[in-house]
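The following pair of complexes shares a single chain, chain A, combined with chain B in the former and chain C in the latter.
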Partner chain A sequence: MKSDKVKLPPYTTAGKFWKSLLICLPMIFITFFFLTGGEPDFSDTTNSIAFILVFLFLNFLFFKIIYTGKTDKFRATGFILFAVFLSLVFITNMVETREGMSFSSADLLECNIPFCHIVITMILIPIVFTNSIIFPGSILDGFAPVSTMLILWILASIALGKGFCSWGCFYGGWDDGFSRIRKKPLVKNINTIFRWFPFAVLLLVALSAAMTLTPTYCEWACPFKTVTEFEAVTSTETLIKTIIFLLLFLGLVIVLPILTKKRIQCGMFCPMGALTSFTNKVNPFDVRIDKEKCKDCGICEIKCPILSLDPTSIEKGKTHFVCSKCGKCIDACPNQAIHYHIKGTPVNKRNTTARTLFVFSGFLFLAIFSGGTFQMGIIRIINILTTGSFF
Partner chain B sequence: MKKIATICGYIWAVLCLLIVLIMFPGLGFFSKQLASLPFMKINPIYSGGDVEQIKECKNYTLQIHKPVFEALIGESSEGFIQISWIWKDSLPGILNDSIDYNTDGKPDFIITVYTTNGDIQINPLNEKVKALIASAQTENGWIARIKLKK
Partner chain C sequence: MEALLLGLGTGTSCLLYCGPVIVPYLLAEGGSLKKSFLDISLFLGSRFIAYMILAIVASLMGNSLFTTEIYRSILTGAAYIILSTTLIIYSFFRIKHVCKARKYSDILSNIPYKWTQSVPVVAGFVTGLSICPPLLLAFAGAASKQSIQDSMIFFLFFFLGTSVYFFPLAFLGLTQRKNVIHIIGKIAAGLAGVIYFIKGVLLISNIT
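And then the complex of A and B:
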């Protein structure tokens, strides 16, 4: 292992206030437009406070990404809070409309269940054979209809590739957050073979869903039911399902990420993560390692939360195709050898344009996708503090 | 060649940024376009199948859905039929209907719903009709699914 550090030029925006602000200007305008819905109205105090807080928070994060040249810490702050706020808003909605976190038989029979992107892994084969969607949701109406969620995932995957799993998924922030709790991992040296496990889960759920015409992962194995909604416990079967998803959340999303500092659920279990990995193949952004600058210190391999780096991939100067473009390895590399890169362009260069284009796309998606949820969450928090009720 | 690859790379990257930009304002439009594709319909296992017969009764409308025998390939030997009631003014205490789902002129089963306590009785008159598999009161009615053999 070589550890001698070399001084390399940072991104051309890093430490340059006005240049960074200039790059942030489009983000400022776009987030203002989307957060106000294009019609600024500051007549309601609570709404205005929520808007100002979210607008400043998101633009502060993006400014820091550009100004410091560091990505992961600021991305993760928005990403983790998005997951927490989504659960807050979702659960309070459920409590308001259904008086609890569970959905009823009527919701199932009337197809009122919100569609989530992870279900996409289970509907693909049945679409081919039955020409229909095997999910008790709505195609176009209500909250989180099938077509809207499908479009969001398709376009996000084209634009970000598996960057979706570190910049857009409203569940991923949970294990990302828990994986940051300890300074050092208690369990080290996790075999990179585990990065293939989500592909096995994907195969299993896709086939079992096709055989039974049931979204099996949603029914039996989704840990995120703990922070969204689940079937009312009315029988032994629903009780077993409830125990399973609670244990999975505890194990895969809380305990193991804390012990290993890895995103165990996303990197080693989620079938959607596996499916989204393939979109890295068509997306122009990737993360590359400059072999001339790399000193083989292995820090990036230790830091990567989803086992996307190993000695072979470092040797090749590439990340594994499961990379979610979180930027953690880039920030951690003491030799500034890792960088965002656009396919087709020269590799051995810390390219400011490539980085700016990717982080702009990634953060813009996160900001617009999460903005409404953040505002609604803040309004609910203000309401509960001032009136004792979320609504 | 390298220059062309570089230019193509940058163009594709800028296009990706544009995709993120138009994605949200265009979400309604794109969703509608996608929803109009032929495969964008909920499988009858979940939707309950198309309504085949409608009967207007005094207090409610009765809908008899098409029997569902969905399978990945072909048809399953077991399925169900969905019956839906939609109230007109108020919730009747008891619903009692004879159902002729195969439209042969003879009732296939009689279903009784005690709406006050949610009890449901099925009286099969056709050997293909089995037990109740699911039922629920909805905002303005009741839904029941009854298991059928092919």
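And then the complex of A and C:
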């Protein structure tokens, strides 16, 4: 048992330095291009330090994924830091431009609200019925316009399926991070029925948004307003909204993930997670279980942070369709029976090509989404350390 | 004719307004096309009764009763709270999937299963009483009528026009074969109940 843990997974790249480095070369070139914007300029010291740190950090993580054959630990490091840095950058931007985290009615009327991918769950039905997008954001211009976010989400869904929720989502790192704080869960044996909860939330937010022609989830139930922006408290209604989102953040993103070691917000509440689950059907990658190697120890089921493994799915030799392909079960399996797989190829083998292609796609999205945020965050940190101000 | 066209023109809005109530119920119950048609008919029938009551009250007491914000808020708010109670009870009714919820389910276990058929009746009636934008337009149209009969006929044709859009929802009942759809429908009904409760309280407090 102990030797199994120490032994590197049987990927042809694992433990092979030069082969791993060769596989990392495309990532090195692409991240260099994206982080410099195609025009390297090292005249500014702070920017250059930020670029070097982010470039080295991202490529170190990807190299470790390839070299060690382990996925989750290194993915989660980048993913969790991305969520934290996004909030840091977002909040400091808000303070810089609006002198606070709240937005006003004027910002709503002028469509100055950045579009977040979760809103996609609410705009689809109203588009059909009213030919309009029920969100006070810009279609093409400004920060995070609707069109850019839609295209990014479609691309990520095609490439990763629900892997988006573990590799590309801006917020997922929060409950992923909190779910790792305790070594063992205090609350165990969560009923797998709760994996359907996000689908009920999706159904309801889609219908209620169509009913009121407003993004109801954003207005009433999004816990991540706590770490981004929210409506200014000017009435009893906005006060109630504020209490609701603070309680949801505390409960779904902090307390319950710590107690259960599960990603409660992402796996059991987020309507976007439910919608993205359907893209697993069109995505070429999935996670399979080698039934010959599987000893039914149940470790994968315990480790899965979003309830996508249970005895039925293990019996079928694959994860449930809500799987976010984080790689935690793959790394945890003592018999190395679980692996990334390309649909249509033989299933009963750990396949280096399938794993490399998936983790490359996943990490590329993570690197592209997070690179600019990391750079900006580091610049802000350097600024506050050297000048006492973020700006 | 005017009322029928108004109903046909605003029917999609009516459908969207009633969607969060009727869709989770149809998904949770389903069973067959026939059962879903029956549920929708019950929903629409009780909505029709609510419309008739509104038409009579409007004729006797004047439309201003419903177009004045304070009365509208109280009426709609009370309707939402009744609706929320019904939906929350329904979501816990005979739920077998979650151990912790079973004890609440057991409390309700003495109620015969046929009780669930009262859900579309209550839902139809209270959504009929909650004043939505299409209904306000209907009030404006009915205001020009001289007698109670004319006003009721106006609402009858308005009701027929809007009802056309509801019957295709019966096909949602065909998804019943999947147990998971039943579970999602039940959870969504409970969540809808919570939302309507908050909305109802806010309306009655005249906060919004």
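Just so we're on the same page, the second predicted complex is superposed on the first by the 382 of 391 C-alpha atoms of A that agree within 3 Å, B and C clash if a C-alpha of one lies under 4 Å from a C-alpha of the other, contacts with A are read in each partner's own complex, and residues count from 1 in each chain.
The rule is short, and it goes like this: contacts are C-beta pairs under 8 Å (C-beta built on N, C-alpha and C of every residue); 3 or more make two chains touch, one makes a residue touch a chain.
Computed from a predicted structure; not experimentally measured.
K.L.:
Would you sort A:Ile193 into first (chain B), second (chain C), both or neither based on which partner it touches?
P.N.:
So A:Ile193 only meets chain C here.
K.L.:
Contacts for A:Phe129 in the overlay, against chain B (first) and chain C (second): which applies, first, second, both or neither?
P.N.:
So A:Phe129 meets both chain B and chain C here.
K.L.:
Tell me the contact category for A:Phe360 with respect to chain B and chain C: first, second, both or neither.
P.N.:
So A:Phe360 only meets chain B here.
K.L.:
When the two structures are overlaid on chain A, which partner does A:Leu204 contact: first (chain B), second (chain C), both, or neither?
P.N.:
So A:Leu204 only meets chain C here.
K.L.:
Mind telling me which of the two, chain B or chain C, contacts the most residues of chain A?
P.N.:
Result: the larger residue contact count on chain A belongs to B.
K.L.:
Have a look at where A:Glu237 lands relative to chain B and chain C in the superposition and call it first, second, both or neither.
P.N.:
It touches chain C, and chain B stays clear.
K.L.:
Could you look at A:Pro185 and tell me whether it touches chain B, chain C, both or neither (first, second, both, neither)?
P.N.:
After superposition on chain A, A:Pro185 lies in contact with neither partner.
K.L.:
Of the residues on chain A, which ones does chain B touch that chain C also touches?
P.N.:
Overlap of chain B and chain C footprints on chain A: residues 125, 129, 210-211.
K.L.:
Under the definition above, what is the set of chain A residues touching chain B in their complex?
P.N.:
Its residues touching chain B are 30, 34, 104-106, 108-111, 125-127, 129-140, 145-148, 150-152, 155-156, 158-160, 210-211, 213, 283-285, 342-346, 353-354, 357-358, 360-361, 364-365, 368-369.
K.L.:
For a test of understanding, state which residues of chain A touch chain C in their complex under the given definition.
P.N.:
125, 129, 191, 193, 196-197, 199-201, 203-204, 207-208, 210-211, 220, 235-237, 240
K.L.:
Going by the contact rule at the top, pick out the chain C residues touching chain A in the complex.
P.N.:
12, 16-17, 19-20, 23-24, 27, 97-99, 180, 183-188, 191-192, 195, 198, 202, 205, 207-208
K.L.:
Going by the contact rule set out above, which residues of chain B touch chain A in the complex?
P.N.:
2, 5-6, 8-10, 12-14, 16-17, 19-21, 23-24, 27, 30-32, 34-35, 38-48, 70-73, 82, 134-139, 143, 145
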